[in-house]
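The block underneath contains the structure these notes are about, expressed in structure tokens.
Every chain is named by a letter (A, B and C) in the order it is written, and numbering of its residues begins at 1.
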Amino acid sequence: MNKVLAQQPDAASAAAAPVIEFRGVTKRFGALTVLDDFNFSVAPGEKVTLIGPSGSGKSTVLRILMTLEPFQEGQLTLAGIPYHEPNGKGPFRASDRHLHQIRSHVGMVFQSFNLFPHMSVLRNVTEAPVAVLGLSRAEAECRAIDLLRMVGLADKKDQYPAQLSGGQQQRVAIARALAMRPRVLLFDEPTSALDPQLVGEVLGVIRNLASEHDLTMLLVTHEMRFAREVSDRVCFFDKGRIVEEGEPERIFTAPAEPRTREFLQSVLG
Amino acid sequence: MDWLTYLPSLAQGALVTAWITLASIAIGAALAFAAGIARVEGGRAVSTLALCYTEVFRGTSLLVQLFWLYYALPLVGLSFDPVTTGIVGLSLHVGAYGSEIVRGALNAVPVAQREAARALNFGRVHTLMRICLPQAIVEMMPAFGNLAIETLKLSSLVSLISIADLTFRAQSIRNITLDSATVYTLTLVGYFLMSLVLMLAMRLIERMVRRGAAFPRAAHA
Amino acid sequence: MMYGYTWDLTTPLTYAASILPILLIGLTVTLQAAAAGFALALVLGLAFALLRRSRIKAVALTTAFVVEFLRDTPLLVQLFFLYYVLPDYGITLPAFLTGVIALGLQYSAYTSEVYRGGIEAIPRGQWEAATALNMTRWQTYRDIVIPQMVPRIVPTMGNYLVAMLKETPVLSVVTVLEMLGLANMIGERTFEYLVPLSMVGIIFLLLTLICSAGIHRLEKVLPKAGIPLR
């Protein structure tokens, strides 16, 4: 199954250089400051979960990384590439070509799946590899079927998204993101839009992905037990800053900060 | 500058255009409500009649209608002057389109509103006037705004039955001076400005209607 | 006599029957003008809609103004403008082609609004997913936005086609011999206008009823490939 995914640089050589690095990043929506002098880095292959109350800016971190949102101050690098170009123009302060280069390293799984409704499952997974990476259709289909098998949906390849359950749609969306062989995969509340009985199948797929591959993963989730299982590190986020971070065992059993404790009590009951 | 000398004549034409447009909008609106309400509330005969009116005037071309009226009205002894013919033709045409707007908006009033009115034992007229129309009329306004602009544009066709409106004047001036570019540019700008004024007026009326119906702006969302 | 057909003025009915072939020749011109004009409106309207979404402010604003201007001024005056002004600049086109361009220009203002509405109805998540898959703007339009938009806008576009059909008689004023032009010519020669004009009206009525029924059917057949059409 490893051949399906991109080869990652081995951990030893990369340990020195983080794959994601935020330095003093500030993000504002008008008068509202969503991220305030934000510092954060992720090592290659690391699985990091962001938890915290809604509206605390967790999703914004992912959306900035995916270049869906610009930020105003500070520096962000991905695999050593800075997001801003020295003479970059527009809100992103970068050319389309530069953004294109950055995006080639990142994939994203959305809360509302965002599958393309007019394309079959197979087409959803092959469209970008053909159009963007320039793969032949046969090659892309081969890759897609491997991935669909991995998420357990190879038999649904000719169906349309509307014919699938929410959980199945999200699994297709994961396959679609993986087909681009990103180094970093972002999960933005992947189970929040699902009926409770469908959450398990999606978490199962992500769990396998986390345990069997050295893909760098950044997750925003409200599933605390899951966060504890899959993460190397958990960050508690509040009001645009990381209040506390550490190994999941410690955060969940012995949080140091009162705000973390309050939050965990409120969600874990 | 030559174009300055064209202005008085064009302005006179614009007045005729404005008069024909406004008269047609007013009469057309009356026809639209009559036919639209007839289609929704009328008995079988009345609503069929309204349907025929709507289909005939929406389904045939306005220019054909204008020529037809121009030649037909004198034959039945109604020797209208061209301006009256123009207004009658344009009103009938606009009324047919407007009736579809009225009908659509009335049908869009939730059934529950009628049921509530029936539960309170309101009469049909009372239900229509006090419950359904006030809600529907707010929905109609944007479409009526577009229809008003259409009316202004379509009014240019009356120049072809020899009414001295803006387009007619432009044709006359161009036939004498052959200065086509200037004349038609001025004419287009004239129509554009009148459209803007009409749009503004329709927006004001929409606001008044909304206030009159005591609806907050996004009530229907 | 016209196109080899003579009229028979014995009764209104024989008159009507005798000029029907002539009017049907005009009908083919009407249909050709509407078809060509609408094709132009579809292409031009899409161009306007995309330019209006340009990230360059000046382009977007200019396009918005042009569209507004086209939409707020009469077809007849636009037609006169093209018919009389273009030759002054050395562009002499056949009347039919001038008419087609006028129809296309006027209706491109409408179709561009339809496209715009169609594009805006595509959920933001679709754009974001395309960005996340590293598709370019052009690829996103081509593969994601336009294929989802088209089935949604077909009924509205169909209604505009019918509307354009009913405006083609305007072309008769620049000597295009479509149905109304021919009816008027027959009237001039026979001094009997009502029968030919009534026939043109009836033919238009039949035509629009058929087209509306066709669009209605199309609407029912269209929802395909999983696109929710609301």
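Just so we're on the same page, a contact is a pair of C-beta atoms (placed from the backbone, for glycine too) under 8 Å apart; a residue touches a chain by one contact, two chains touch by 3 or more.
Small disclaimer: the values here were computed from a predicted structure and weren't measured.
The touch graph of these protein chains is an open line. Ranked by separation of Cα centres from subunit B, the top chain is A.
When each chain is reduced to the mean of its CA atoms, the one lying nearest the mean of all protein CA atoms is C. By count of C-beta pairs in contact, B-C exceeds the other of the chain pairs A-C and B-C.
Between subunit A and subunit B, the centres computed from C-alpha atoms are 55 Å apart.
Mean C-alpha position of subunit A lies 47 Å from that of subunit C. Chain geometry summary: the mean Cα position of subunit B and that of subunit C are 21 Å apart. Touching two or more other chains at once is no residue of subunit A. Of all residues in subunit B, only 55-56, 58-65, 67-68, 71-72, 75, 149, 152-157, 159-160, 167, 170-171, 174, 180-181, 184-185, 187-188, 191-192, 195-196, 199 touch subunit C in the complex they form.
Every residue of subunit C that touches subunit A in the complex is listed here, in rising order: 55, 123, 125-126, 128-129, 131-137, 139, 143-144, 147-148, 225-228. Per the touch definition, subunit C reaches subunit B in the complex via residues 69, 71-78, 80-81, 84-85, 88, 166-170, 172-173, 180, 183-184, 187, 193-194, 197-198, 200-202, 204-205, 208-209. Interface residues of subunit A, counted against subunit C in their complex, comprise 66-68, 90, 96, 100, 103-104, 106-108, 110, 112-119, 127-128, 131-132, 160-163, 176-177, 180.
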